[in-house]
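For reference, the structures are reproduced in the following blocks.
One chain, chain A, appears in both complexes that follow, with chain B as partner in the first and chain C in the second.
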Partner chain A sequence: MSIQTLKGVWWKKVDRSEKLWLGIALAWCLVLFAMMPLWHWKGGQNPSFETYRITAADYQAKVEAYVQKTKVGEDRGFPVVAPGPGEDVYMLGRLWQWYPVVKLKKGETYRLHLSSLDLVHGFSLFPLNLNFMVLPGYEYVLPITPTEKGEVYAVCNEFCGIGHHQMVGKIIVE
Partner chain B sequence: MSSLATFRTCAQTGLRVDGAAERMIKVHAVAGVLAILFGGIAAVLVLLTRWPAVHLLGPAMYYRALTFHGMNMLIFWIIFFEIAILYFAGPILLGSRVAWPRVGWAGFGLMVLGSLLIDVAILRGGADVMFTSYVPLRAVSYFYLGWILFAVGALIGVLNFFATLVVARAERTYEGSMPLVTFGAATAAIIAVATLAHGAIIYIPTWLWSLGVIQNLDAGMYRLVWWGLGHPSQQINVTAMVAVWYLLATLTVGASPVNEKVCRTAFLLYILFINLAAAHHLLVDPQLSPAWKVFNTSYGMYLAVLASMVHGMTVPAAVEVAQRKKGLSKGLFEWLAKAPWGNPGFAALVLSLALFGFMGGITGVTFGAEQVNIISHNTLRIPGHFHSTVVAGTTLAFMGLTYFVVPLIFRRYILAPKLATAQIYLFGIGIAIFAGGMTTAGSYAIPRRHWDVQFASSFFQPPIEPAAFFFLGVMGIGGLLAGLGGALFVAITVASVFFGKRVPDVPGAVPLAAMPPDRGQHVPISGTLVLVFVFLAAFVIYYFLNWKWLAAIWYVR
Partner chain C sequence: MADGDQQGPVTRPDAGTTAERVPLAQVFLDNIFLLLVLGLAVPIVFYTIWGLLEIASIPLAPPFELPK
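Our next item is the complex of A and B:
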């Protein structure tokens, strides 16, 4: 019984049917493990590891300069920027907005820079379901390629205070 | 000291019970039930807000209720109950005295004080920071102090358990190797030390930061260390729950582990690997490398998952063998069909095991794959996953065990035992519907910790799939059933402790399963093998479906 002490030798040979499951379970665990390096090698979606340390003030200045340079319009008070294919594009998270609005082209690859000016935010493309964390002090660079035309929204999915649910930005794919 | 301990011999189990251990179990269990009551009230408020058709609370109260719910359920209810389990598995199962009875009270006092500080801070609106309190989000400083006091108090309870193991050994209160349940509890206790140490390492500087002594805390560092507390605290749950599975299997059908070597080695794998899974929360963070993420999120090549898959086979196998030895050996499943389904302990064991494995385990491992996390992180898939593990798994198992704690420790009969059984089914099925709805809604990118997924007050209004609303409704209905089940649990338990008939001090007054006669025959576990292969098939299908869904989103490379 599982509540009684064990006397004598309990280090016994494992039954065949138990061994069968142990072997299969171990094999499955190795498959689970192999999938991740495999996807890094062959797959199209991998968390990037291009990260830089940056202060909130420096990042804000960088984004402002970028917006001045590439602004093509406005949407509900937000500047709209349209980077060229292969170019860098900068977005920032702050209480409680994603800034600026970004216009991309389907099938082109962009280097999307993300950082936060204040708290931890969650960058979630909705309803696409692509999620990354945005931390103050870190500039995260994601090489993204939109694969469908239309509008997606950047929803904040990490709690960042009372206005958290209002924090929605926009990305237009043409 | 030992002369001060007063023992009774339990007429039901023959165990030698130290009065001090019994008192510690009682107070910790009472505190745990109070926590589940508080957390449960908050749960219903949160549920009715997240169900878009109701949307009950305003944003400030919603975020407050959610923080309160997380703390009381994930930390207070679970850890108070776990310390109670340690006072059972240590002194009582080994027939020993509690090593430090007074120190035990000090630990309990610190836990109570810490939890009160935290609850007061939240209710007064000083800590709307969620369970995770990610810096630089700031709470009042006594919120962080409460965390530290609670962690130190729990650590004292854990150390008292280890000290009791030493005392039992030294005073030769038992012979041979400790029972499996004690071994499993010891595993949980070792994991708890690592967990609580992370708690101290992160909350002491955070407390100093809240007091202005430290100026700056790095958000990435905080997340890394905090999850060394946050995730492993739930691994204590897993480990304690597995120990409780073995315990319930013994109490309800007289099951013995088929091979102690296999079971104990699996527990050992938990100690070595399970805490690495703290990485699950950091897979789409900027500050960590892919190599770090892949190794850690895989618990070092999934060896802790292997451990759970082993327990998922050995527990039902133990039940199958015990039942077959009683003569229920027709076909593949007579042993299961004629199991004591009306016993709340057995019902809790089966539902806990099945829901933890099929729902919690499969989703957890899948969402914890580095890349699949891109389509899961911080969506409702995540709370959907952990309500399947911590609630459908751990809480349900602990509820089933409570129906033995009340007659054996409080020595009161359960009032309305049939209602107790119904309570287990209601809660288990309710949580299964709830977590299923929640996880599925999350696959439509519905965020967790979010007051308004209709985005009525935001700058832009994203369109929402009607299917997502449907699954949020499923979540709402399942949650109400579970809420009713949870309320019944508190009502039955409290009423039984205060008004239940006293259990007389005669053998057999509480029906416990007898161990089946061992005629040395070889007993097949073919039914269990069928069940585990069904589980593996479900696992494989769900796992690869998720990679398929991942491949359909934008490229990130």
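Our next item is the complex of A and C:
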């Protein structure tokens, strides 16, 4: 808007050349828009998931009960749990750890439950390319199927304070 | 732009003057407060309100059952 409004009708129809450039920009927007579902299905970086509301205290109680029931050993002071094929498995993020260590079987599908007890944490599986944001107050359920044997590490990729760099969990695939 | 593309004036024969029909886009661009309202309303509806509805529609976690 200028300091003084122009008198009369100054609006003109869009010129052909301007329409062409607008069309190119719109087409590029549609390409980028199509990339979102395409990357979701083909890229595998951002998996489909379910979300539920839950308090941090309720989720912690759930995980503690789960660990008590399914614990099969210890790894550097962390309990190791080994769910049966197709079962639900529970992990929680808190300052500054992913808890507990999980042992899975290659080729089996599990329902991985995730939540945070305090801040926003990131569940990033290394050396794989999976990134997932975990907020407190919500329980996320991700279907996962390990395809290779070995150890993968859950690295927090949302800065969560002074111990952020030490927040590394472990998933063992046998 | 081609001058021929401009919308023509509407003549009122009884008054002997020319009344121009102002296009809607110009109505917005000529009024900074209408632009402000539009600039606030669009993100509020499509970002804030839509987001709040999404959050409100998240169900409670189902009852927990320990594996057998």
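Note that the second predicted complex is superposed on the first by the 127 of 174 C-alpha atoms of A that agree within 3 Å, B and C clash if a C-alpha of one lies under 4 Å from a C-alpha of the other, contacts with A are read in each partner's own complex, and residues count from 1 in each chain.
Everything that follows uses one rule, which is that a residue touches a chain if its C-beta (ideal position, glycine included) is under 8 Å from a C-beta of that chain, and two chains touch if they have at least 3 such contacts.
The structure presented is a predicted model; accordingly, all values stated were derived computationally and were not measured.
Asks: Check the residue A:51 against both partner chains and state whether it touches chain B (first), chain C (second), both, or neither.
Replies: Touch status of A:51: both partners.
Asks: Could you say whether A:71 touches chain B, chain C, both of them, or neither, answering first, second, both or neither?
Replies: So A:71 meets neither chain B nor chain C here.
Asks: For the overlaid complexes, name the partner, chain B or chain C, with more touching residues on chain A.
Replies: Greater contact footprint in residues on chain A: B.
Asks: Is A:149 in contact with chain B, with chain C, with both, or with neither (first, second, both, neither)?
Replies: neither
Asks: Have a look at where A:133 lands relative to chain B and chain C in the superposition and call it first, second, both or neither.
Replies: first
Asks: Classify the contacts of A:83 with the two partner chains as first (chain B alone), second (chain C alone), both, or neither.
Replies: In the superposition, A:83 touches chain C alone.
Asks: Between chain B (first) and chain C (second), which does A:165 come into contact with in this model arrangement: first, second, both, or neither?
Replies: A:165: touches chain B, not chain C.
Asks: Just to be sure I read the superposition right, which of the two partners does A:8 touch: chain B = first, chain C = second, or both, or neither?
Replies: Both partners, chain B and chain C.
Asks: Between chain B and chain C, which residues of chain A are contacted by each of them?
Replies: Touching chain B and chain C on chain A: residues 1, 5-6, 8, 10-12, 14-15, 18, 51, 138-139.
Asks: So in the complex, which bits of chain A are touching chain C?
Replies: Its residues touching chain C are 1, 5-6, 8-15, 18, 51-54, 58-59, 62, 65-66, 69-70, 83-84, 87-88, 138-139.
Asks: For the complex, which residues does chain A have touching chain B?
Replies: Chain A residues touching chain B: 1-8, 10-12, 14-15, 17-18, 20-22, 24-26, 28-30, 32-33, 35-37, 39-40, 43-49, 51, 76-78, 97, 109, 114, 118-120, 122, 124-140, 142-148, 152-153, 155-162, 164-170.
Asks: For the complex, give me every residue of chain B touching chain A.
Replies: Residues 13, 59-60, 63, 93-94, 128-130, 134, 136-137, 174-181, 218-220, 223, 246-247, 249-250, 254-262, 282-290, 293-294, 297-298, 301-303, 305-306, 309-310, 313-314, 317-318, 365, 369-371, 373-379, 443-445, 447-453, 455, 457-465, 468, 515, 524-526, 529, 532, 536, 539-540, 543, 547, 550-551, 553-557 of chain B touch chain A in their complex.
Asks: Please output the residues of chain C touching chain A within their complex, sorted ascending.
Replies: 1-3, 5-7, 9, 20-23, 25-26, 29-32, 35, 58-62, 64, 66-67
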